[in-house]
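First chain written, first letter: the chains are A, B, C and D, and each begins at residue 1.
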Amino acid sequence: MKIRYFAWLRQRTGLAEEELEPPAEVHTVADLKRWLADRHPRFAETLAAPGVVRCAVDQEYAEDDTPVGGAREVAFFPPVTGG
Amino acid sequence: MKIRYFAWLRQRTGLAEEELEPPAEVHTVADLKRWLADRHPRFAETLAAPGVVRCAVDQEYAEDDTPVGGAREVAFFPPVTGG
Amino acid sequence: MIRVTGDPFDPAAEIAAFAAGRTDVGGIASFVGRVRDRAGEVRIRAMTLEHYPGMTERKLAEIEEEARRRWPLLDCLVIHRYGRMEPGEPIVLVATASAHRAAALEACTFLIDWLKTKAPFWKLEETDRGARWVEAKASDDAAAARWEERATG
Amino acid sequence: MIRVTGDPFDPAAEIAAFAAGRTDVGGIASFVGRVRDRAGEVRIRAMTLEHYPGMTERKLAEIEEEARRRWPLLDCLVIHRYGRMEPGEPIVLVATASAHRAAALEACTFLIDWLKTKAPFWKLEETDRGARWVEAKASDDAAAARWEERATG
């Protein structure tokens, strides 16, 4: 599974993307966040703050309860500010 | 006093403008309409229909009770359709 | 800026020149109204716009002033053509510039809505069934009325 | 049509080509968003737009599809730039064409409102006090929420 980070989350984790194999008990976005928090301590506090981190699973916006099993790509980023 | 007619009112009266001296008893737009109706029979029926003829006195939109004494220019026209 | 002209104009060139080189502008909205080739089932060959010289410029200036009073516009342009035009030709251009998009977009919509009901223009259509004067639309009155300010207090 | 580009683009040239030669179009609305030279008291030297390649195009296409579902658009164009831009440079262009003005103007406003809150772009400002990521605005959420359809029945 490819994990991608954008904007200041990318700066916080220090990487734009990484290829990871989450363990079998990671079923949802919430599970994945908990697992990633252990790997990226500076990402952990950000994940804990409500409304700060948005997520997309296979390029569709996702919520904490969105399943990630079988996903090819999960992305984390702050609220968008384009236009 | 210059009286101007626009769009199909111009076609109805047969003239774009005329220079007239209304009698002293013509105080308002309504008075002027009555006086003009006698001069332009084909204009009379149009003036009688409600909401069909708009008026401007010295290039400001006017109502039936707007005074015309001292006006240099009074215009009659249908509802506008620009843009 | 207000321009009332009997000559053809190029909306894209006007938009290119509008607020050019300004770095305080965050949003530019524009609207171009063009002659269409049909109205319902009726084919339109041409459209002639008659106007009231003098009063037209005065009314457009008042409408621009009102837009500038309501929104913090950095620039504002209204060009309206009169005379005979064929399908595809531009009749009117409204452009607005502001620091933020909402002001530019709302002011642009306001300007064209008020212009439609307050500027003294009249359209004569040449159709395949003859010439006819376009009638005022209730929907235009309703669009303009949205912007009437309610009395306060 | 959707275009996401790292290269500069010319909004006026795009508007000139948009719906060109069509005689069924009665109204064309457009909005251009540009980099501003300041945000409040802070001077902006440049703006870098990061985006999510692939998802950006997908989201913009969805937003265009939604606009076409809601309004009878004859043409629709969204160009959004990414990369580094300086004050005065265009970031985004939205253009809409319809038979009537209300559809063009509403769809244009809708497109920019939804794009602001749904397309995955992030702005990094270079200011005279250093670089900073632009925060999402509650006013943008409110503008986008205006267009949420209420469930019927």
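Basically, a contact is a pair of C-beta atoms (placed from the backbone, for glycine too) under 8 Å apart; a residue touches a chain by one contact, two chains touch by 3 or more.
The structure presented is a predicted model; accordingly, all values stated were derived computationally and were not measured.
Least step count on the touch graph, chain A to chain D: 1. Chain A and chain B have Cα centroids lying 72 Å from one another. Annotation: 26 Å between the Cα-based centres of chain B and chain C. With centres defined as mean CA coordinates, chain C is found 48 Å away from chain A. Under the contact definition stated at the top, the residues of chain B that touch 2 or more other chains are 83. Contacts with at least two other chains are made by residues 33, 101, 112 of chain C.
Under the contact rule defined at the top, the touching pairs of chains are A-D, B-C, C-D. Against chain C, the residues of chain B that register as touching in their complex are 4, 6-8, 56, 59, 75, 77-83. On chain D, the positions that touch chain A within their shared complex are 33, 49-52, 54-55, 58, 80, 91-92, 112, 115-124, 133-137. Those residues of chain C that touch chain D in the complex are listed here as 10-13, 15-16, 21-38, 87-88, 99, 101-102, 104-105, 108-109, 112, 139, 143.
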